[in-house]
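By letter and in written order, the chains are A, B, C, D and E; residue numbering begins at 1 in each of them.
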Amino acid sequence: MDLGLLLGFIGTWLLIAWALIAGGEAQAYVDVPSVILVCGATTTVVIFCFPLPAVKRIFAVTKSVAFAKVQDPQKLIEDLVSYAEIARRDGILSLENVTKDIDDAFIVHGIQMAVDGVDPELIETIMESELENLTERHDAGKALFETVGKYAPAFGMIGTLIGLVVMLKNMDDPAKIGPGMAIALLTTLYGAVIANAVALPLADRMAKRSGEEVLAKTIIIKGVMAIQSGDNPRIVERKLRTFLPPNMRADSDAEKEAA
Amino acid sequence: MDLGLLLGFIGTWLLIAWALIAGGEAQAYVDVPSVILVCGATTTVVIFCFPLPAVKRIFAVTKSVAFAKVQDPQKLIEDLVSYAEIARRDGILSLENVTKDIDDAFIVHGIQMAVDGVDPELIETIMESELENLTERHDAGKALFETVGKYAPAFGMIGTLIGLVVMLKNMDDPAKIGPGMAIALLTTLYGAVIANAVALPLADRMAKRSGEEVLAKTIIIKGVMAIQSGDNPRIVERKLRTFLPPNMRADSDAEKEAA
Amino acid sequence: MDLGLLLGFIGTWLLIAWALIAGGEAQAYVDVPSVILVCGATTTVVIFCFPLPAVKRIFAVTKSVAFAKVQDPQKLIEDLVSYAEIARRDGILSLENVTKDIDDAFIVHGIQMAVDGVDPELIETIMESELENLTERHDAGKALFETVGKYAPAFGMIGTLIGLVVMLKNMDDPAKIGPGMAIALLTTLYGAVIANAVALPLADRMAKRSGEEVLAKTIIIKGVMAIQSGDNPRIVERKLRTFLPPNMRADSDAEKEAA
Amino acid sequence: MDLGLLLGFIGTWLLIAWALIAGGEAQAYVDVPSVILVCGATTTVVIFCFPLPAVKRIFAVTKSVAFAKVQDPQKLIEDLVSYAEIARRDGILSLENVTKDIDDAFIVHGIQMAVDGVDPELIETIMESELENLTERHDAGKALFETVGKYAPAFGMIGTLIGLVVMLKNMDDPAKIGPGMAIALLTTLYGAVIANAVALPLADRMAKRSGEEVLAKTIIIKGVMAIQSGDNPRIVERKLRTFLPPNMRADSDAEKEAA
Amino acid sequence: MDLGLLLGFIGTWLLIAWALIAGGEAQAYVDVPSVILVCGATTTVVIFCFPLPAVKRIFAVTKSVAFAKVQDPQKLIEDLVSYAEIARRDGILSLENVTKDIDDAFIVHGIQMAVDGVDPELIETIMESELENLTERHDAGKALFETVGKYAPAFGMIGTLIGLVVMLKNMDDPAKIGPGMAIALLTTLYGAVIANAVALPLADRMAKRSGEEVLAKTIIIKGVMAIQSGDNPRIVERKLRTFLPPNMRADSDAEKEAA
């Protein structure tokens, strides 16, 4: 579960909700036809722009970005090194028992193939294909949320124009102008909130998460390949550490090696 | 027929129509001079910006994007492999009978050339030239719809300014302000709807469809070339699968090969 | 004469003129000081941004883009092949008589140099330098019109702000607000029309025309070089056809060669 | 301490404060709920967009950009050359005493490693890793402030819409319109000030400072490497001067060498 | 002195001044606090964004762009060829007398170094370093004016919001609305004028001038190098002409060589 993302999302919405309630008239902000127009038209336009399978996949991708455990690369390296130690000490087949206790399906699949004696090149190809798959889903998710962030305010504005036209046409009673305009503005508000409190931040976050997952999965692939080839655990660790970003690497191995 | 595109298009317009009718005064949104100004000026500006032949071709391209059957790459590979099997078993000339049952003109043309003994290099050149042709038409279509999406709101704003000037000039009767302003805003509404519910989504969709068609046509070209050279059907399949995006490829061949 | 461009330009302006007249008060849209401010300041800012020679050349470039005959590449190739046939049959000197009947100064200059026995490399250098010249002028024209399209709306807005300030300052008589605002809005209208009905479409068109002219001139250069070297007319045609975009090429030579 | 940055920051805020007070009603600009909405939602959206560790690091980075001493590259080269002279005259171990008087931790760490006889390649790797680290932190800081500069005005607009809707709904008392609208506009004002007087200039400045620090640190790395290898101080100076931008270099070494 | 730039600048300001006076109330546009806010905050933000030395250098760069004589490349080549003739006829030392009559310090410095027998490679390095210096100053000037063009309208909007809030708060007297709004709008007007009539055109012009100066200085460098090496003046001319843009080159050398 990505704490920052959830905190940020919930916090943003609590603030907006508080702002709506603070005025003492929260029900003034609810207009069902406006909600249907903005949310509906944004959805149909996304279906218009994107192939259906991409649209269907979006909930799964969003859920995985929001709830998937972010793997700590340092912890990951420690785990992979410990598997390498087991493989070296007790033979690679002994990893079969270990896989039962591993949560991450990607590591399990990799180690299982190594245990089964699948050709190393094929292991690498299969795992990299799964990784490519993942980035592609993240990229498609990002593009989809950017599209939402582009069309939601546009349909918000269209809704406001539709509301303004009728209101202005019947402007003989000035007392009605205010409430009519209030309702007309709601679609603009909905569009702005959908774009800035949901779609655009999700697109930004997905791009950053993609980078984090590619790093973790790349470390796993290199780790499984090293375990499979029976490398010395110390060498496995050194190899994997080169994938860490400099600020993580500096903490640990610089001092060790300098010693 | 591209279900998503049509669903998205019809859904978007139903929602807009519903929003117009829901206010109880749908006729308030119809102003023929405003329609003529926005649609007319957008059309003439597109003719201004683009060479005439490109403008003429746009309807054909749009129709083909909206109604052409999207080819499933997996089904396509199966078909091509089955043709390769026939060619290998009964000789390449036996494909002549098969072509009668194939819908796709591109495959038929390719196989026909192979059956006619046309030089392989020439087959490839001709088929790739048709593919280039197709992408070029899609690119031109995308550019044209983006131009519509840029100028329609601009002429919407120009129409609103034209309406505002006359309305403001005669503002001695305050009761007329509302209706005058309502009509002035219509062109802005029309421009925003044309851009966001037609032109820009079509441009987005065309770019994505172009990618799908390039994939299908590339698979066909490689398939015809392999059939022509008398490759083993199993090898043909393996070659063609490398063109599948990873998420399609992973389903099938990874497991097969891993077995 | 580029029919599409002129149709588009005239059509756009007829529609705008019709919209102005349709309201029954066309004179409401004419305010000489506003015209002077927007057109004047846009012109002076362009002189500010661009070196004077570039500004001076712009009328010539615009006229040539609007009125120059668009050369049909297929017709051009036929002509060049026919000259190649004459040169091969009657000797290159016999082309001297032919040049009298050719309209295009670029072809005439090229053939004349070939007839005069100018060194082939030098012919190519001179012709390519003229072509570079042409693209450079088109690029400069595009940049200049984009600058107009950027500053005209900006000075339109500045004019409106200038008008609003005086109007608001004297707002003691509410009856005057309307007409004052109407005049203030005129500069915004002028700026939007200059940008969207003249400058930006011309910039777009110039970029596209540049591409068409580069194609035609490249075919001419290659054709003159082939004529000069005494190539077989059939080979000349084949060489030149490779410069056609795929959609023109596919019509003709694919079938011919496949035959 | 970066004088320009602090002067610019304080000056901008003094001017804004003066503008608020000049109207005689500074308290009109303080609305606690508006401050909470704009600042709060901008903060939560940043937490939504960025991984938590990146958000936490931002204060340290900002403080270091604002208060860190900007190193003068020319002074730096003089210092490094003087250390090279000491090392050459009295042996590299004599630098141990010198390091006590050096402020810059990066130089001290580098020289200390050289004195300790750490392998030259390792010294370079460690120092470059620290430099990479620094640029990465600056880049992340720039991206974060750009995100603030994007969402602060967006939530300012959302706040204004929220205020407008309630105000318009209760528009029966025209006397209340003004004050209600005044408060509604405050969030737009806050958003614009946060973006233009804090976030966007900080993002710009961080990019420029990053360039200055990379230059200084690169000179230090090359200097330490040259000291470690016992180069002639004159050669050290010449090597380091090549890293100076041309306008600094021209002052000094051109004349010297020309002499 | 760059006639176009000055004409454009003065013309733009005369038109704006005329528009302000034409309304008969030029004093309505002068509000000292608004001037201080917009100009002041734009200046302090620029000091915030840019290192102080870059800000200081900006006046010198602007003055040099506005008043420096634009060198005609054709005239420059003629001059350099005549120096080459003198050097070839009377020996390179005879150029010492010539340099007294040359205005351009860059040519004088180059020839002086050649006369003094400075190593050719060093001459080239020094001159290119001065050229790099120049482009760098122009680039920094362009970036600085673009920053002004970005923040001036932003602080104009902030000023208008500040004015609106106070005005709306005290809206009990409707007669005051007009004048209050007029003053509030002034900062938006100032910001738009600073951006569109000063900063953005200067940024555009600086980029174009940079290109012109790089051309002139490159010709001078190549010319001095050729003079120094004692090349035949005819060869010097031919070499230098290759640096002319095609439209200048075509006039002259094509015909000459074709002859």
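Simple rule for what comes next: contacts are C-beta pairs under 8 Å (C-beta built on N, C-alpha and C of every residue); 3 or more make two chains touch, one makes a residue touch a chain.
Quick caveat: nothing in here was measured; it's all calculated off a predicted structure.
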Fewest hops from subunit B to subunit D - one hop per pair of touching chains: 2
Same vs different contact residues, subunit A with subunit D, by half of numbers used: different
Distance between chain centroids, defined by C-alpha means - subunit C, subunit D (Å): 47
Centroid distance [mean C-alpha coordinates] between subunit E and subunit D, Å: 29
Shared-contact residues (touching 2 or more other chains) in subunit D: none
Arrangement of touching chains [line / ring / star / complete / other]: ring
Chains in cyclic order, anchored at subunit D, direction fixed by subunit E: D, E, C, B, A
Subunit E contact footprint on subunit C (complex, rising order): 33, 36-37, 40-41, 43-52, 55, 113, 118, 122, 126, 129-130, 132-133, 136-137, 147, 151, 154-155, 157-159, 161-172
Subunit A-facing residues of subunit B, complex: 3-5, 7-9, 11-12, 15-16, 18-20, 22-25, 28-29, 70, 175, 177-179, 181-182, 185-186, 188-189, 192-193, 195-197, 201-202, 204-205, 208, 212, 245-247, 249-250, 254, 257-258
